[in-house]
Each structure stands twice: as C-alpha cells, then as structure tokens.
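For reference, chains read A, B, C, D, E, F, G, H, I, J, K and L in written order, and residue numbers begin at 1 within each chain.
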C-alpha cells in the first residue's frame, strides 16, 4: 500500500518556532517516525511539503495514479482554499486531514475547515502523533475497502 | 492505565438506524472491539452511555478520581453544551473527542464544537475506528506524560 | 393504535402562570380532554412529562418498541437541543411537534425550531387544541401508512 | 359559518410536479376533500387561488365583510411579503397559516415565516391534510369565540 | 403643478383597525384634507391606492408623462420591493416617501427602507400630517427646480 | 422551437434612463434584434413584459403548454421573489436567467439571485447581447435534449 | 409656543464643504430662514449648536422647563449615541429628528438611527427645508395636543 | 424568610481547579459563609447543587411552594438553556442570578445570558461574595414587597 | 476609605420620568441613602454626575489620586463607549458597574456592555439598591486587598 | 482577434470525476470544440490551465501585451482570490467569467464571486457551452469597441 | 509649516499603566521627542490632548484656519465616533491617523476604524515612533502639494 | 542592516493602470527611491516581487537566515491568506505591512487584514512614501533591539 503524506505551507519550519503550539520536532524528525511506523504497517509513504497551493493541488492530482490513500495537513490553507478542497474531492483516493494542534481551541478563523468537507475524516491536536493516527486510520480504511487483501 | 469511554445521547441506538451515516455496528459491538484493542494496549476501559447531559457531567467528575484518560463522543451535545465543555475543562484528566461521522462535512450546525475547545484533540469520520484511534492517542499521551512508565 | 404524548420542560406548571400566553387549563385538564378525544379516534395515548432532556430522549427511545406515533411539545428545548432532535430522527416512529402558543409570533429566539427538522410536521398556536389536532394528524398518517387497517 | 380558503402562488400547479414534496393531488382534488369535510363540520368554504400578491391581499380585505375565518397557504410569499402579513393583521378575521410540506425541514430561506406572525397559528407538513386540520382548528376557534352558538 | 399621491398595500383599510398605530381617519378623510391643502398650494393631486406592487409600478411609470412630483407611502413594500425601488429610480420625477407611523421606532424589519434609497427624502411619524408635509416639500422642490415659475 | 422571452419590472422603460447602466436601446429595439437572431436560429420567440410578479408567474405557468424554453430577466424580482423562483422550478421548461448589467459588480443587494437557483444557468453583463447569448444557449440545450431533431 | 432647534456635531461648518451633499447655505443662513418662517407660524425658536454630545444632552434636559417642542439634527451622533437617544426619551417634550441629506441613501452606517427611536418622527433629505417642514410638524403636533389653543 | 440557593453544573468542583478564575474556596466553604450571613439577615437558606438541567428546573418548580426568593448561579447553562429561563419565569418567586466571575470580561459565548432575562437582576464578578450580595438584594426585595414585615 | 460614585448621562433626571423602569427616587434621594449606608460602612463617598463622556473620563482619571474604589453607572455609554472602557482599564482603582434596571431583560442593544469588560464586576436590576450592593462589594474588595486594615 | 482562454484549478481533471456536475468531456475535448468555433468566428485562441493562482495571474498580466479578450473560469478561486480579482482589474483587456455549472444553485460558499466584480460579465451553467457563449460575447464586445473593424 | 498633533481619550495617562501595550514614555516625553524631530523637519507642532469627543472636534474645526496638516490618535473614539470621522472629513486639512499599538492584532472591536475612512492614511504599531513617522508623512504630503515650496 | 522588501500580487503592474488609486510610479521607480533612502539610512535592501503566494512564503522563510527586517505589501493576499500570515509569524524577523492606498477607505473586503495580525505594525495610504516610512520604522526597531549598535 502506497500513500502520499502532504504537508502544507510553513510546515517546513516545524521545530524552529512556536514549539509550545507545534512541538519541538522538525519535519524530518516527524517523517522519520512516520517512516518507521509505516514500515510496521506495511505502508510505503511518499512525503511532500510545499508552501504553494498550486503545487499541493498538482501533487494530489498526480497521486491519483499511484496512491491508495492521502494524509494531508493543509495548514493555513485549511481555512481559505476552495481550490484545495476541490482537488481532494476530485481524486478517487481516500484523504484524511491531520493537524498538529487542536484547531478547535485556537483563534475563531482556525475553527472552520473547508478542506475537511472533502475528506474522510479529521484528526487534530495530538502533535506529530496526529500523523501516526492517520496512518492507522488509512490502514483500516484500506482493509474495509479491500477485505480480502 | 484505566480510562473512561463516554458515549453521549442517542448512541445507544447505534446500528438500528441511519447506518449509512453511522455504520451497522451496535454500541455493544463497538465496545467489544474496543475492549479487545484496549487489552492489547494494556488499557482498562470503563464504558458508559447516557442520554442525560447531567449524568455525563457527573460521570466526568467522578472519573477524576480514577481515570488517566477520557474518550468522549458528545454526540448532539457537542454543538450546544457549555456545561459539558466546562466539565471537561474542570477535570485534570486528558480528554479526547471522537465522532463516528465527519462532522465537518454535515449540516452547518454540526460543524462547530463547543466541547472540543476543552479537549486535547479531535478524531472524526472513521466510524467505530475513531474510538480505536482515540485509544492509541491516549496511550501516546500517557507515554509522554509518564516517560518512565 | 398506541401513541406517546410527550410534554417538555415547565409544562407541568400549565394553568398556574402566564395564562394569557398558555391558557388556564392544567396539564391534567388537557390530558383528560386528549384522553376523551383519543378514545373517540380509537387511540391509546400514554402521557409523559419531564423537565429533563435526557428523560425525554430515553422516553422517545423506549417508544420505538410500542408506539405508532408521537406527539411532542418540546417547549424550551425546541430551540436549543440537537440531542432531542437527533432522538426524534433516530426512532422509526412518526413524530409531530405541537406548541400551545404561536412560537412564530414571539421572541426571536423562539422562532427557530431545531426539533421540527426531524418531525413530520408542526402545529402551533391553538392552545390545548394543538394537541387535539395532532391526534387527528397522527390518525391520518396511520391510515396512509396502513391503508388496509 | 363561512370561511375563505386562500392558496398562494404556484399552488394551481399542484399534482403536476415535485409530487415527492407536495403530493400527487391537484388543487381541485384537495378542494373536493375540503368541501366534503367542511360540509361535515357545517362550514361553507369559498376557495380562491392566485399567483398575485395584490389579489391575495384584496381577497383578504374583502373577506372581512363575510368570513368568520381564513385558511391561508401563502406559499412562496410566506417568507418575503410584509404586505401580506399586514393584510392578515389588518382584518378582524382569525387566520390560520397552513403548508403542505414541513417548511422547517427545508432550505434555510423557507424556515422563517413573516405571515405567521400575524396568524393565530400554523399547521405544516401534513400534505393536503394540513388544510383539513386547519378546518378543525377554525371550528374550535369559532366555538370558543361564540360559546352559545 | 400636478402630482401623484400613491398609497401602497392595506392603506385602503385606514381608520378601520389599529387606530392607535395609524390614526382614526380613513383614506378618504385624509385625501380630503390633502385636496384642501393642495388647493391652497396650487397643486393638483391625483390619488391612487393599490395593494398590487405591479399596479403601483405601472402607476409610477405612467406618472412620468404628466406629474411634477410624487408622494408615495409604500407601506409594507417599503422593506421588501427592489422592483418598486427601481421604478422610483427609473422615472425623472422627484419622489418623496411618507409614512404615517415612525417606522424607525417599530419592529426591526420595518426600520430599513429599500425604496427610500431612490427618493429625494423621507417623512415619517406624523400621521396623515406626513402627507401634508410631503406636499410642502414637493412645493419647495418645485420652486428650487423652476425658480422663475 | 417556440420560446418565451420574459422581461420583469421596469424593463419597459429601457432606453429612457440610466443608459450608462442599461444601454440606449429600448425594449422594442432589443426585441427586434432578438427576433432577427431568432429567425436565424429557427426559433419562434414570444415576448412579454410585465411589472407584476403575479402576471410573470401566470405567464411562466401558461408557457408550460407550448414553450420549449424560457429566457427570463427578472430584474428587481431576482433578489426578492421566492414565488417567482418556485414558478420557474414548477414548470418542466428549461429556463435561463439573463441580465443586462453585471449584477455581481453592483450594490450588495443585487449580488444574490433567488431565481437563478431554479434556472439552468445565468448570463449577465453583456447589455442586450445577454439575451442573444441566451438564445444560443437555449438552442444548444434543445439540441442536447433532442439529439435527433 | 417656544421651541428648541438643536444642531449636532459639524453642522457649524455648513456651507464650507461638501456643498453637493449638504447645500451651500451656512448655519446662520438657515437659522435666518427658520426665524422668518417661525415668526409666520407664531413660534419662538431658540437655536443651539454643539459638537459635544454632553452639551446637547444638557441642552435637551434644560429644554424640558421651557420648550413645547424640539427639532434636532443629531448629525453623526444619530447612528452611535444611546445617551442622546435616552435624553430625548427622558424629556416630556415632543422631539422631531431632521436631516439635511437623505441618510437612507448614503453609506450603510448612516442608514440606522438610534435617536429616531425616541422621536415622534423623522424628516430627511430636503436640505434646510427639512427644518422648515419640522417647524410645520411641531405646529401641528401642538394643535393636536392643545386643541383649544 | 426561606430561600433557595441553587448552584448549576460543575460548581461542585469549586476550589479544585482554575482557582485563578473562580477562587480557592470549595462549595462547602462558600455555603458555610452564606449560612452565617443568612443567619445575620434572618434568612433560612436551603442549598442545592446539580449538574442536571432538569433537576435544577424541578428544584425551582418545587421552590414555588415554600421559598420567598431564589439565588441561582446557572453556570454553563446561563448561555444555552431556554428551558431553565422559562422555569425561572414560570414561578412566582423573585430570582436573582449570580456569577463568581465577571462573565462580561470572558469568552464571547459567556457574555450573553438567557436566564438573566427572567430574573430580577444580576450580580457577577465578586467571587463567593456575589452570593452574599445576592442575599442582601433578596432581603431588600422582600422588604419592598412586604413593607409591614 | 474614599470612593467615587459616578453617574452617567440622563441619571440627573431620575424620578422624573419612566418611573416604572427606573423607580421614583431622584438622584438626590438615592445619594442620601447611599451617604447613610456609606457612613455605616465607614466609607467616604464623593458623588458626581455628568452627561459628558469626556467629563466622566476626566473624573475617573482624577480619582486615581485619591479613591480606593469606584461605583459607576455608565447609563447609555455602557453600550457604546470604548473610550470610557479604556479609562476604567487605565486607572489602578477597582471599579464596579451598577445599573438600576436589569439591562439583560431590555432592548437587544442594551444587553451588551463594553465598560463591564474593564470592571471587577456588575450589579444590575435592583433599582437604587444596586448602588448599595455596590458599596458592600467595594468594602469586601477593600478587605481582601488590605487584609490587615 | 487573439484571445486567452484561462482554466483555473482542477479543471485539468474534467471528464474524470463528478461528471454529473461538470459533464463527461475532458478539457482537451472542450478545447477542440472551442478551437473549431473560434475558427468560425475568426478568433485565435490560446489555451492555458493552471492549478496555481500565481501562474494564472502571471498569465493574465502577460496577456495584456497581445490579447483582445480573456475568457476565464477561475474555478475554486472564484470565491476566495482578491489577488486574481485585482489582476483582472489591472489589465486593460475585457474579461468574461465562465462556469460549467450554475454556481448559484450550489453550496452557499459558491454563490459569491469575487472575480466577477472585475469582469465585463458572467456566463454560468451551460457546461462546455458556457465557453462557446463566452466566445460569442467577446466577439460582440470587440465589434462594439472596434466598429469599423 | 504648522501642524496640529491631537491626542484622544486616556492618552494623558500614557506611561502610567499597561506599559507592555503602550510603552513606558509619558505623553510629555513623547511630545518632547516630537518637538525635536519637528524642528529638524522645520515643522511647528501644536499639541493638544482631550478626553472629550466634542473638544477634539472643536479643535479640528479651529485647525482649518491655521494648520497645514493634522496627526490624530483618536484612541478609543477610533472605533465608535462618526462625529469625529465627519469632522476630519469636513476640514480641508490633510489628516493622518496614528496608533501606538498595532490595532489589527488586538481585540476584534479595535480592528475597525471609522475615523481612518476620512484620513489620508494610517500608521499603527510603532509606539511613539508612529507619531514620528506621521511627521515624516506630513512633510512628504506637503512637498507633494507645494512642489515649489 | 540588510532587509527584504517584498511586493505581492499585481504590484509589478504599478504605474500602468488605476494611477488615481496607486500613483503613476512604476515598481522600478519606487525601488530606486527606496534604494536611495536606504543608502542614507545605511540599510541594504533586497527587492522581490511575486504574484505567487507560495513564492512569497518561500521568500519570507529564506529571509530568516539573513534579514534583520521585512517590509511587505501583501496586496490582495492581505485579506485572504492565512498561510502568508502564518509565514510572517513563523520567522523571527520583525515585519512591517505597508500599503500604497488607504485600505480603510476602500471596499469593505479590503478593510480587514489577516497578515497585519502577525506584523509589528501597519503603514497605509501614503503612496510609495508608505515604503519610505516603513524603512524609517525598521531603522527605529533595529535601534531599539540593538541599543549598542
């Protein structure tokens, strides 16, 4: 099972600032842990980060040719991008939205998610562990869709 | 590690109706699966369901004497109960909000969560697997807080 | 044909205060009249009043085992309870919402009904006669669903 | 007892389209049933349908000279016409608002009723039976106002 | 100087009901007083009342051929009719909006005027005297536009 | 192919005022051009203008007996008439909304269209050419629905 | 009959700027014309202008000892001052609100009047003539309250 | 003079958490101080705390048989419960709302009080002293209503 | 202990009008009662009333040199003055907001308090007794801050 | 006459998914039909699709050097991009907005268009034919601006 | 070049409280620095501070006789005063709004500026340096308007 | 001192269009003047313009390695980009927002700034001089942070 793990704007700076809010690990640290857990679950992850809405959309489009699932952390685009929302809806790959922080306990403009409307589900508030939980959730989805696999 | 798994109003009817939205399993079915996964994770779960806001609050209060974590699915109270939100905030037990369906993709009045503001995080949209993911999340939180355990 | 007639918060005080708004009859007076009209229509009503949202929900749940219809006056919960709304939606019994007063001609916060969204229909503004009309409506619904009966 | 039964815009097309929402009966079918029930209740109904707000208002005005009650289904004008609302308020004839569908469970713009603010009460969601229930309600109002009659 | 005095929906019932709000004079009484004051001011008024938005619009259109000014009391259409607003804007005749009651001290939905946006000015709250003041205002406007007259 | 071309309130005054906004052609001028283009497309148009919401609704109702398509410019009713919207929805004739001006670049209250919700599509901002484009669009719709024709 | 004519903030600059909006007359010019018309109506006006909300309130309070009526142009305070609104309500002197421009056709924040809620009526849009019409309105109010005078 | 002192949801946990916001005293501590001050004022208080909206309503209903006044701290229900609001309104006992914290200086959703609309008055922000002030206020109300007592 | 008791706009007219809402006592009557209660509590009050926002702010500023507490009834400025709110926040003297009437049970625009956000607490709805309760509250605050005094 | 036809985010996936909403043709299919119609109209179209807001803006900027018109389908950016709106406004080339679906009959967040405010007009709801109509509209605009051409 | 530097409510207390938000300098300290910088720029500043909206307006009016520019910090009146906004608009002197703190990063009610709508521009967030930047901006404006000076 | 001067979407077209709003200088002209002033202040500026949100974010990220300050004109992204706002917040470089026009005096959607919430301050309305003032502001910030420099 191959999946895409997509990080949105500013996540390349993880571990540098606001560690109270987002934790002290860098994106590389997180990806390492994800790779290890993925291996345990027999998942091949491909990681990708971009600060460009368009690049994230291209990347989702391209994933429809090879991925069985997507984990996406749309970051600041969560609340503003109809285009990204439509991209998730447009591909036939189950997509899960993850957030490091609990967006429901932050500023009002972060409490609404446009992108989540096109996702299977949302996991938010568990730091880098939100991604790990997302891996588990994708595994379960996959089992459900491919019962004999 | 002992935890409370709290089900809000109408969840006792799971498996009876609207199975497209909520799945075909009954609450007993789900609890069985949770018990089995909990055992694997060395967690002792206590299950409780009520249609009464006040009983749910009492139950949260009482859990502060024995529980190391709470999984709560506040169901319809998610969107309306400041009292339940305050109860979650009032106890020193980390609490995770779970939902069977993806509340962000449903009616507008279901897209806002008052209770999530007082929780560590939220997991929504994975059917009964949302609870399983919640168990995993609690385990991780516990490890972080009790590194030597 | 057995039905549940459910009265929400504060309706036990009917006839005591604000008789200009709600009429001079007590709940017992109204139930007497309803019993008499029900008999005429060959309906067996069971009456229940509670000030507890949870008890009303329990009562609706329990009714799915025996009732062919429900008349509910959710009173103050009409405007605030998603949980009660979901309970009505969760049971396979046709439910009709009734109000003594015309809620659409009162304070703005009384003009919106969450519970009505899950009901067959609404009857409001005819004092205790709203319930009588509700009985008639249930009879007709029953005829339509059981044409041969 | 003479009453006016007033049908608003587009109700002349009943039975032609959207029968899932409004039922398969034509307006003539409904009026026939109403006439029969009215006879049973010793009521003389006069029926009138118009797609013109102004004609409906004229008709309400004129009714103040002869009618003891009005049943009105304002259809699309329910949500937009202050002028119709004021006409109902301006005549000393008790008026009841009826709707075929449960307007509280439809699009948001249909959940608010301007005209209901000037009516005795509202009956919605019972198909053509909403009118029958309205007849009963008018009969009761009449009894209450003319106890010796 | 010929002018049109246009009365909107329900004003034909003046003097019949809600005399606390609108005064005890009938429309005929008011028109008599207006005719007398108009004579004093050397104005020829034509009176017209209709409950039909369309008829009022036609009447405004037609007035562009003969009238030097319009007094309009749009009644309930004040708050809802973009079409009437556009009609006032579409004719090259100065139009003044009058109201018997002080609409700014009534229900919130009466505090906004769509039609006033297309008028020269507004006079509200002086009972039938609002019309008299409107006559004076038109006289002044006319003087200003035809200084030599 | 016979179609109805329906003009709403105040469009009879086209060419008289606000020519910056609406162009210098009269309605007769526009209809002439439409007739010529229609002939080219083998369409028989019937033109109708009214300032009366009710008359426009009647006209739509009547069109269901003979028309294969409707072009409607609801003018000021675009933003306020649920009744007109319901009439468009009630007839089984494909309807296209046209506007002379670009309503999305005008006052906020003109940016919302109730009627468009019931139409096939919308064309706005091209002066009288909006109607011409509407003719083309109807032709295409007709081809699609009657491929052999 | 003695009356107070009260001008709010910035009206002392009349005639200096934005003469397209407010006219070319200075406040002194206007007061001269008002004095002359007042004399004709047998009214003794006292004029007062202030840019201070508090001074305007004091002035209204003081007027309750001697004035039979008040004309007030609250200018920018119209839309923001609850205190001024309460002052008008607190004194037993009939008060009329006047505006030079038609505030209902200007920026959205100028379309709401807090002060008008406490006034007898409103006259807006007639330049300095709004005050003249206000004088006439006060005269009529006085006649009505003192029929024998 | 007998009174009811009613504590809403989560107040049983007072003194345990968030002592910066609510103070360090437990509910028992507060009740002790209230008992002592009540004695000084010749008042017999009965204390009651519940996390159940319905129990609070029952308790208010029951109080109408014996209490001369009610102090209520509705806690989280302040902002959401129409049913509790109606219960306060339904009993003929003067009721005063108290809050430990200044709810007007907290999160926006805490700044609105539904229940206060049915109370005599509100006292908020003085910690446990809010209750003491409430006792004084009830004493004064009682004196005013029973001047000879 | 010296305190400032500050009355906002229009309170100088107390006892003259709207005695149903505000009571029959004049401001002098109230101050007399406050003086007497203050003496009992060993408080030296200085009274000040103004209709001028600026004067109230000056007075608060000046009070920071001598007062140990402030009671303020901002009247109509409660809902509109950010400047007054900032003045309360700017001085290091504990300030309590009082209102004669229960502002939460009045017009919507009176239910929000800007000034309360900067106060220790709020007391509303007890007529002149609101001030007496405010005196008690200040005494308690003073005790708490000066435990040895 | 050379024109730019610009497709926004996700339109490269046309024909793959949600064909009920957007039709079964791919973007290449549509462009073929457009090329053929363009040829008929003596127009040279250049096609461009991008999922990147910035690339679309660059492309509009660049078009000011060679294009006589632009057809743009901003897709999801329609509702969120002020930058794209400003780009349309910044170039002196007439631009027409087209949509495949009728955005006014979809989710509320799709009913508002920021970009349309800067366009000549809008065509929505006719599938790929919206583009064809756009070609016709550009041709007409060109004729009007270059009458001698 | 003579300019007016106008400080709004509560700025006289600068340096006394909330120095985290507003800095530790007093208004006198700031004015000293401004005087020195002004000298360097060949500007003669006159300073004025008032807590009275009316006095600020008077001061702006008076400045139209002598000042070539105004720097205004409207403080709390920024968000509430239409009268102050109109005063700025009413004088032919270019006015610049300055704020010590970044009002866009504070409470929501501070993010809107009524007064800025009538100013040339806004400078906010640089402490007392906001005024210095304002001096520079006025100098540049002056150069632009008096190129030969 | 090295700084980044970042120009958002469409600013590359400065001087071409809407010169009334934005001035006649091109971006190159402005940068020349900035370079000259920067030299005077001993600042080394690097200029960068992009129409791509992602490129602007990348550029901010990269600046954290070398820049001591940022001047940003986010143009249309000011009002819509949470991602850009988060990028500003994520880097430890003081950032100042500048605008050529006074965004508070333009369309309502331009009056709110998301990005300004993460900046030190805002300067708007002074044409290209807004940038010059921003240079001065950065110089002062730098002095404050490096007092010995």
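In the analysis below, a residue touches a chain if its C-beta (ideal position, glycine included) is under 8 Å from a C-beta of that chain, and two chains touch if they have at least 3 such contacts.
On a predicted model such as this, the values are computed, not experimentally measured, just so you know.
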item: Any chain in contact with chain C as well as chain K; value: none
item: Common touching chains of chain J and chain D; value: F
item: For chain C placed onto chain D, the superposition rotation in degrees, Cα atoms, nearest 5; value: 180
item: Equivalent interface positions on chain H and chain I, same or different at half; value: same
item: Option in A-L, H-I or B-C whose residue-number contact pairs overlap C-D by over half; value: H-I
item: CA centroid of chain B to CA centroid of chain I, Å; value: 47
item: Whole-Å gap between the CA centroids of chain F and chain J; value: 23
item: Separation of chain I from chain J, taking each centre as the mean of its C-alpha atoms, in whole Å; value: 63
item: Contacts with two or more other chains, residues of chain D listed in rising order; value: 52-55, 80
item: Touching chain combinations (by label order); value: A-B, A-J, A-L, B-C, B-H, C-D, C-H, D-E, D-F, E-F, E-G, F-J, G-I, G-K, H-I, I-K, J-L, K-L
item: Contacting residues of chain A [partner chain J, same complex]; value: 52-55, 57-58, 61, 80-87, 89-92, 114
item: Chain L-touching residues of chain A, taken from the complex the two chains share; value: 8-10, 12-13, 16-18, 50-55, 75-80, 109-110
item: Parts of chain H lying in touch with chain I, wherever the complex brings them together; value: 96, 102, 104-105, 111-113, 116-126, 129-130, 132-133, 136-137, 140-141
